[in-house]
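Got some structures for you, see below.
Shared chain: subunit A. Partners: subunit B in the first complex, subunit C in the second.
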Partner chain A sequence: MIKSIGMKLYVLLTILFLYTPIVVLMVMGFNESRYNSLPFRFSTRWYEELSQNATLLSAAENSFYLAIVTGIICVILATLFTLGAESLSKRAEGLCRSVMMMPMSIPWLIMGLSMLLMIRFIDMDKNLFFVAAGHVVISLPYAMLVLQARIHSIDPALEEMSLSLGADAWTTFRKITLPAIAPAMVAGGFLSFMISFDNFPISYFLMPSGISTLPIEIQSSIKFGFTPEINAISTIIIGISLACLAIVGLIMGRSFKSVLGGGK
Partner chain B sequence: MKNNKKVMTLPGMAVLFLFAILPLFIMLAYSFQSDNGTGLTLENYSRFFTKTFYLTLTFRTIVNSFLVTVISLVIAYPLAYIMAKHLKGLKNIVMVLLIIPFFTNQLVRVYSWLIFLQDGGVFDRMMNALGLIDGTMGLLYTRTAVIIGLIHAFFPYMVITIYMALERLDNTLLEASSCLGASKLTTFTRVVLPMSMPGVVTGIMIVFVPCLGTFVEPRILGGVNGTVIGTVIEDQFFEIYGWNFGAAIAFLLLAMVLISMAVINRLGRRYDS
Partner chain C sequence: MAKVTIKNLTKVYGENTVVSNISVEVPDGTLVSILGPSGCGKTTTLRMIAGFEIPQEGEIYFDDQPITGIPVNKRNIGMVFQSYALFPHMTVKQNIAYGLEQRKFTKSEIEKQVNTALKMVHMEEYANRKPKQLSGGQQQRVALARALVIKPRVLLLDECLSALDKKLRVEMQLELRKILEETGVTTFFVTHDQEEAMTLSDYIIVMNNGIIEQIGTPLEIYEKPKNAFVASFLGKANFFEQGNRLYAVRPEKVSISKERMENAKKKGRVSFVTYSGSLTSYTIEAEEKTVVVQQQNTSLQEQINKGDEVYIGWEKESQIPLEA
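Our next item is the complex of A and B:
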């Protein structure tokens, strides 16, 4: 009995460690003080000021569009790759897969600045194309993990059956393969959307001046004196992320679980 | 038909080649150039290896990663064990609670620690209320703050990998062990621990390796006391404009990453089968 209470207490403590700072951040968004100082006095002032803050809002908008583009490109590339990789020889498949997964093990700092050096090497200015390319490269492995897990679980006999019953390759893809992998495509797209939306290092190195994303704005306001507007927008983002997570979780059910269990 | 399908891997491979592999080679080329642009040189690397500042920094980066990994392991192992073997319906809820913070922005999490730890902030108030200290702990802008922030970011990964290994562990094995007269401790050290080692090794891999390349947490939570290799590279590119030297340090960091991956992999192979 005591042992069981002790264990639950331990679980509770670790969860507290995980959430306390985040909760403090959210609560301080409703605090009157500019410097997040105590005692706490309730106010919605920072939410009002946020609604007037064009820089922060347009940065959030940029992050959103960038993440949408990244998510879509990642799903397309990952789906094509995983479907195609099956017909490669075992050896080539393993090699190609490890190349595709490589950005997962290289620090984003290095990915970002090596691309920056490449842009300088070919004597071009920083532009949004390279930002998107950078985001795609680092988000792709996550989309791949999800799709791979799903495609491996499809029974190949189904496709063979469809082909032998006279359906052409395209019909087979449309009627058998696509419906089977669609949930994984949504989950993979969502995951790469989130990676891109939250990414700071790549954008930091590659964003042309004058345009910014939300993480960049948060970083610069931490550097140059923050205001609780950051708390307000962080709270909103956390809320939206959780809502998306819940919706995708509900729609995807099992295949989403395989993402969370199978990813690194 | 088969050849058709192979072509489908090309777009992905092309993107990876153009925007990941090629840039790394260009970075390598930059690291062998001197700032005044005359031919190949090793001066960037010799500068790194002859100044004690950079060597101390490398050492400090590795120690930081090591501490984060060890403390994460100490926190995560009991949690994963309790989840796998003692929590029944609750374990899925705990799992979801562990995963949710992955979907919050990295900078938001760091910023939340900044607010939590600042002088006269919530943490100081809590400690005062408990009567543990008087005044401020002065934790913000110390190495301790950096390590706390990194543990917060990484320990859930460790819990998940260890949990997955323990979950696969068959309960009948534990029963068999105790039936045959093994004490609880023996069962743990001879059965549970060895069987969970693959999860532990994967956990070490995905905590230690990314920690080496962090620069956001050290910068924001550590201030001047947080300097690590990552922040020095950042400075070379954004403050000092020593791009060639920056490229060389980045390459050395990449080498550290690859070497530690190889070492941890080797460690893991012992527990395969």
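Our next item is the complex of A and C:
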């Protein structure tokens, strides 16, 4: 009895620990006070002001486009790489995989700095292409992780069976392999989208002046005066991500959950 | 349907010769088992016939056409794997239709042939299920229908009954045999189960260490094994040396009695008795040899117990001379 209460309490505390800051942020977005202070008085004032705030909105828009491009590129690269690596020898495959995963273990700050130095070194101006490339470098390992887990769990006999039934390699890919890895592609894309959308250091180092992303905007607003508009836009983003997760989960059903779970 | 000829086929992985210079000719419409312990090269041989592996040397012919240069998808073969490899995202019907779609049949023709195939394996009512919703035996039937519906020249079965439990496996063996006799397709059946090979096949190819030990009908292989490996791999055998020749005698061909009989060869002591319904097996220590004897149980039989002194004997015809 005591044990089961203890266990429930433990779960409750863990959830509180994880989500209290987010809940506070969301609630304060609906508080009239400019300084996130109590007493709480409900208001949609900050959402109205946000709708007039062109800087914040355009930064959000930039972040969104950048993340979409990053997500798509990462999925394509990760899928091609993982499928291609299957035909390499075990040693070469392992080596390639380690090289691809390496960016995960390098701090983003250092990655960003090294990219900036490289741009200087080749004597070019900062531009959006470099920003996107930087985002791809740091997001790719996450997409790879998800896709590898899935591709390795596919029975190789399926593709052989398709060939034996008379399908050529391209048809086999389209009709057998692609449906099997589609949930992982969606999940991998989503993950790299989130990594990119959230990224501050790479964008901070590589963004050309005059353009900014949401993380950069949020960071600078802390320096120059912070209004609950930030809470409002954060709440909207959380809402959109949850909705996306739910929709993807619904479409992909169990296979998507299993990808997030990491198993079969 | 086709006659299959394998000539001097060799497959080497690194320093490992998996299949070593094998040759065999399989008449059109026969069912041939490739039998052997794991690692004997049987699956590799099957995969070379399918086209998943390319031999270093030798050639395979369907009728008189060499096929080594033809890719898998142009060979017109049917396959059933041990895992069945049903496409998980397709229904039973879509699975069976897949091969026909690749062959550009019209929709109505595909529909017709899929229905015939479903009927053949008694799976009509499961047409719209996904593979996950089927039992092992049902998946097996679908896999078979999918392989046969394309009217392959050669059917290749890779341990395809091994995943089923014993009772279902025996049922499927009989049904498989019936279906294959109806379709008359030349079939290669890879297995490590000697009983299954005997029940199913017209011919058995016994392989060991990458070479063919013996080819023959189940009767020939069992009654006239060429060497000690074949004799002991298919069924049990007692081995005797006479002069410098080696002989095998099957346990059921050895007679046993407490009285000295006419054909008595040896005298010994019973060390172990097992009773399994229709048969009783005796292990006898006779003149520093262990002899296994199997007797059909009858109501008139002499009671022999552990520790009894017995005579054992056999007819001269039951002595199988073996190659060294």
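Just so we're on the same page, the second predicted complex is superposed on the first by the 253 of 264 C-alpha atoms of A that agree within 3 Å, B and C clash if a C-alpha of one lies under 4 Å from a C-alpha of the other, contacts with A are read in each partner's own complex, and residues count from 1 in each chain.
We take it that a residue touches a chain if its C-beta (ideal position, glycine included) is under 8 Å from a C-beta of that chain, and two chains touch if they have at least 3 such contacts.
Since this is a predicted model, take the numbers as computed values, not measurements.
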item	value
Superposed partners subunit B and subunit C on subunit A - clash or fit	fit
Which superposed partner A:167 touches (first subunit B, second subunit C, both, neither)	second
Subunit B versus subunit C as contact partner of A:55, first or second or both or neither	neither
Partner chain in contact with A:153 - subunit B first, subunit C second, else both or neither	neither
Comparing the two partners subunit B and subunit C, which touches a greater set of residues in subunit A	B
Touching partner for A:176 - first (subunit B), second (subunit C), both, neither	second
Smallest separation of CA atoms, subunit C relative to subunit B, angstrom	11
On subunit A, positions contacted by subunit B and by subunit C	none
Subunit A residues touching subunit B - in the complex, by the definition given at the top	4, 7, 10-11, 14-15, 17-22, 24-25, 28, 36-38, 76-78, 80-81, 83-88, 96, 99-100, 102-103, 105-111, 113-118, 120-121, 130, 133-134, 136-137, 140, 169, 194, 197-198, 200-201, 205, 214-215, 218-219, 222, 226, 230-231, 234, 237-238, 241-242, 245, 260-261, 264
Of subunit B, residues touching subunit A in the complex	1-2, 4-13, 15-24, 26-27, 29-30, 75, 78-79, 82-83, 86-87, 90, 94-95, 97-101, 103-116, 118, 120-122, 125, 152, 156-157, 160, 164, 202, 206, 209-210, 212-216, 220, 230, 233-234, 237, 243, 246-247, 250, 253-254, 257, 261
For the subunit A and subunit C complex, residues of the former touching the latter	155, 157-158, 160-168, 171, 175-176, 179-180
Residue ranges of subunit C touching subunit A (in the complex, touch as defined)	50-52, 71-79, 81, 83, 85, 87-89, 98-99, 102-103, 146, 150, 156
